[in-house]
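Same chain, two partners: chain A is paired with chain B first, then with chain C.
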Partner chain A sequence: MSEIGQYIFNGLMLGMIYAMVAVGFTLFFGVLDVIKFSHGDMLMVGAFAGLAASMGLTAAGLDAPWAQLLCVVLFAVGLTGLLGAGIARFLILPLHKAPPLNTLLATLMLGTVIREAVRLFYPDGSNPKPFPALLPTASVDLGGFALRVDNLMLLVAGLLAIGSVHFLITRTKLGMAIRAVAQDGETARLMGINFEAVVLLTFALGSGLAALAGIMNGLYYNEVNFSIGLLLGVIGFAAAILGGLGNLYGAILGGFLFASLQVLGSALLPALIPDVPSAYKDVFAFAAVIIFMAWKPTGLIAEKSSERV
Partner chain B sequence: MTHKHAFPLSLLVAAFVGLTVYVWLFLHAESQIAVAALVAVAAVAVAAGRRWGFTRRFEEAALASPTLSRSLSLLSALALIAAFHDSHFVLLMLCAVLLYATACLGLTVQFGYSGVANFAGAAFFGIGSYATAVMAAHTQIPHLLVILLSGLIAAVIGSVLITPVLRTRGHYAALVTIAFGILFKTFLEVNDVLGGPQGLQVPGMQLFGHALNDGAPFGTADTSFYVSYALLSLGVFALVYALVSALERSWIGLSMDVVRTDETAAATFGLHIARWKVIAFTTGNFFAGIAGALYGLVSGFVAPNNFTFADSLLMLSIVILGGLGNIVGLLPAAMIVLVLPEKLQFIQEYRFLLFAALVIVILLFRPQGLLPRTTRIFFRGESSR
Partner chain C sequence: MFSRNTARAGAAMLAGAALTLLSVPAHAKDVVKIAFIAPLTGGVSNMGLGGRNSADLAVRLRNEDPKSKYTYQLVTQDDECKPNVGVQVATKVAADRSIVAGVTHYCSAVAMATTTVYNRFGMPAIVWGAVLPDVTYANNFKEVHRVNGTMINQNEVAAKFMTGLGYKKWAIIHDTTDYGKGHNKYFSDFLVKNGGTILGTFGVTADQQDFTTELTKIRELKPDVIYFGGLTPLGVRIRTQMEKLGIKAQLQGTSGIKSDAYITGAGKELAEGSLSFIEGAPWEKLPGGLFFTGKYNQQRYSEPAEAYGPFAFAAANLIMDAVEKVGPDRKKVLDVLNKTKDADTIIGKVTFDDHRQNIVPLISKYVVEDGAWVLWEDSSYGKGKRKLAGL
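Coming up: the complex of A and B.
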């Protein structure tokens, strides 16, 4: 019982992080029809920015966990959002008229630049760094399964973040502008929407969400590593495609689907084939992605040009 | 035939000699200052050549007499190998440049001609290496045949990806190859049969009963045994280069170009789009596999860390840097990407960062690359009718 509970909870947590990354991919694809592959590395930047902020605050003598958490989140989300807007302004928009693969390639390379920059220039960045535990570590016993309060809070925070992005997109004026740009950039411009501002805001929003996911990832595993971005980027991209690029619900669905595949892989694979070590779980997950792409190339909820974001 | 800006043949020869001497100096340079000075000289020379139209005339002259320029480049390569016959390190570097360039020829067929993005170049290179490691250690198959078989294995494994790549387009296809590249490396690391993270030893190459690791069968006592490997790499590169350039000039290359530039138009002209993509993808993987096979034999050792996603990106940097679709540019680009970090030790640590940034700059400001691809001209010297 406790083991199954652990698997399910782990899957939910992973799914939440993946969904948050996938929502970013889907937002960017919605407004500009581009894939920003450095998105996974934005998550890593967010985690490292949070780590730096926390260390700075500790050095400055501000130790109260709640105040520190608030500052960490604000700093990381703000910095990463700014970086995301900057990337959109100086890399994505200039390449907008180029072939789509050039944008993909440029952002892949940008991901490498960010990753390497953190590895080389962050003090001792090439080694995994411990992430401070800023949440209460009490746990509730649920029939043999110890549910940790901090993990529950992370899950709720993720739900709130995705929920508020959804609210922003569907219920506010800015969201309407984003949806208008996603449907037809030219017409949106004719209707007096500031195209560039909306694009920059969307990129800031997606990057901020990724930074939040990065902090959640750090708090959950108590560790950040400069190389998590690549894998999370690939997984987030895969999740966004599984659900159907450009569709918000699809991205969330894809995130949880991918996480359940991974958890299933690590739980069932050793049971089905006794000799296979659980280390194959990533191999299994990526093989599943490739097979899935062959089966349903445009994802579960097919991309409709009129219904992005 | 006589051109307004005719470029005397003697000058063409002189240019090749100059380039060879330059590469020789570059490979010979020991101190960081000398290397930096040589890089500066190259930058100034290229800028000056552009300014006074020298590079354009050189290109025209080289295009006008392709046989001569090819023989000259082959001679330059041989001269370089002869000049460094006693240096293990330089010869090993030359092998790496030649073999990476060979793999990039394959990527050019995929990405440059047919527009099939392959972000797993290093994985197919690695499949070739691993296949060779296993076959050379456990079977009696002659090693030249092993190299060929390894290329075929890379192509066959690549064909697993054909369905997802064909059914999808653009970003989707890119995701499939990225996923495959990461899957391949993860698989190698967790797998015990293929040596896990430590990798496998590859036995030295046997060629017609002669063990290449025992030393070169010619030359003086101080001749490095890598001379044979370098000659072999040069041979493989020249062969694949000849194949790819013939392919580009033929109706095959033309069809691939049409498929890349406009699928709808291609279909209207009766071209089978899927067929051309399959041909390009398989051919490219075959070349990458062959290059990887020989690379495994040269380095004597294969490990998962040589075939990461970052290496795939490095290969794509070579393709983009050289000028997408222009196979002449691959060699200088491979030199820049592989040799420059070895020479300038202080950038070795920063090479992924540097080349990734360089590719971004190129994509932003000069998407056609350092040596842009020229339009193929089938009937040179004839006025259009």
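Coming up: the complex of A and C.
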């Protein structure tokens, strides 16, 4: 029983991080119809920015965990948001009229550039780095399954973040502008919406969310390394496709679905077939995604294409 | 006018000739190229860079030596710890006839894949860090030598030592590369022979992030020790996630986690008490080891030498010694290297057996104490002042 509780909780935690990455993919695809493959690496940049901020604060003598956490989040989200807007301004918008394949390739390469840059220029960047434990580490015992307070807080923080993005998109003027651009950029422009500003803001928003996911990832595992973004990017993308690219709910659903596939794979595979180690969990999860895509090519929640033509 | 010009030209020519003559001693030495191949990027690049710096140090010291007959040049290549990339760069190096020999590979999977390349091109190679026995023993390629020991000796000592301490029950996590599988196989064999019990074995991918599922199961199994057969990045993750799940078992690693990066990655507190086993005498204690660390620090490399740096240093020196003896000829160098017996190096005497595997009689046991890897015998744990988990 305690095992199952642990699996479910871990699945929720992974799902939250995947969903936050997937929401970014979906936002970018929504406004510009682009797939930004460097998105996973933005998460890594966010985690490293947070780490650097935390080390700087510790060096400056500010040790209070709450103040530090706040500064870490603000700095990482701000920096990564700026970087995301910069990438949109100088790489993605200029390529907007080019075939979509160009954007895909350019961002794929940009991901490698970002990854290697962190590895080379962050001091001792090729080694795994310990991420400070800034949350309380108490745990509540629920019948053999230890529910850690910090994990619960991370889960709530993730829910809040996704909730506020949802609120922003559906209830605010900016959200309306984003939705208008997503539906039809040309018409939105004619209606007096500053197309470029909306695009840049959307990219900043998606990248900031990725940075937050990066910090959550760091706090959850207490460890970051320069290559975490690679697989998380692919998983986030798969989750966005799984849910239906361009749809916010789809991305969230896809994130949790992928996480449950992974946990199911790692828990069930070795139990059912003794010779198959849990190392095959990604094979299992991605194979399931392939089968799913053959069944429902548009994803769980299909985009209403008529809305956007 | 004419004659004056002639005189000038003559003087210039004379001066030129004189300059050439003067510079002769400095340039007379032929340049001999030696290859160094290791993972210089990616998760285990700390090991590769430490090895590269160490080989570079050997070359620098030799070039400073006025008695050496040649000027040596190190050609470095990055195998990224990936077999396909390794074969590519190994072929590039081996096909270049100006390169006499190579100090090659840290990752076992790569070292394994490239043996045929060196054999085909007839290039002598000395492996400096890969511990899979098959690298030297699966084939009989005259070209492939190895200065470091294999994981067989390492795990034999580890199993005896751990059961000797009184541990009974193990859970094994290993990565599913040849390297991790090899560790699992040899350790399991020796553990059962020594009376230990294996409660469960978990194969994981070499770049896995999340170990919650595996560790949750292990927690239910209640082992005394978690044995981990793999490299530093995974070791760090497993150690930190063990803590998250409240697993109090002792972590026993292999030579794969004996790096400074393991301690900085997991943090001083969590790394405390982790064990690792590595072939060779504790080089910090040898006179050659002190010489090595002294010279290494003088060069101000930005990365530490790590556990296998001295092996790369010794391998480069063996090659240069052979070149000094018979000249930069692959065949002749190969003959000399094949017959290496009781060669003095900073890692102790090097003798190659019939499979050109260095016979390393000694295995050193290390434990993390106060943020550093300390030789077991010298540690507070070894002296009984501190206790490992579960003892």
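Criterion: the second predicted complex is superposed on the first by the 305 of 309 C-alpha atoms of A that agree within 3 Å, B and C clash if a C-alpha of one lies under 4 Å from a C-alpha of the other, contacts with A are read in each partner's own complex, and residues count from 1 in each chain.
The rule is simple: contacts are C-beta pairs under 8 Å (C-beta built on N, C-alpha and C of every residue); 3 or more make two chains touch, one makes a residue touch a chain.
These figures come from a predicted structure and were not determined experimentally.
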| item | value |
| --- | --- |
| Superposed partners chain B and chain C on chain A - clash or fit | clash |
| First (chain B), second (chain C), both or neither touched by A:223 | second |
| Partner chain(s) touched by A:164 [first = chain B, second = chain C, both, neither] | neither |
| Partner chain(s) touched by A:91 [first = chain B, second = chain C, both, neither] | first |
| Contacts of A:129 with chain B and chain C, given as first, second, both or neither | second |
| First (chain B), second (chain C), both or neither touched by A:58 | neither |
| First (chain B), second (chain C), both or neither touched by A:3 | second |
| Which of chain B and chain C A:172 touches, first, second, both or neither | neither |
| Partner chain in contact with A:293 - chain B first, chain C second, else both or neither | first |
| First, second, both or neither for A:194, with chain B first and chain C second | neither |
| From 81-89, 99-107 or 279-287, the chain C stretch with C-alpha clashes against chain B | 81-89 |
| Shared contact residues on chain A - chain B and chain C | 116, 231, 277, 279, 282 |
| Footprint of chain C on chain A - complex, ascending | 2-3, 6-7, 10, 14, 116, 119, 124, 126-130, 139, 146, 148, 220-223, 225, 227-228, 231, 262-263, 266-267, 270, 277-279, 281-282 |
| Residues of chain B defined as touching chain A within the complex | 115, 117, 119, 161, 163-164, 167-168, 170-172, 174-176, 178-180, 182-183, 186-187, 190, 309-310, 313, 316-317, 320, 349-350, 352-353, 356-357, 359-360, 363-364, 367 |
| Chain C to chain A touching residues, read off their complex | 41-43, 45-46, 49, 175-176, 201-205, 207-210, 212-214, 216-217, 220, 232-233, 236-237, 240-241, 243-246, 261, 264-267, 303 |
| Sites on chain A touched by chain B in the complex | 35, 91, 94-95, 98, 100-102, 104-106, 108-110, 112-113, 116-117, 120, 230-231, 234, 237-238, 241, 245, 277, 279-280, 282-283, 286-287, 289-291, 293-294, 297-298 |
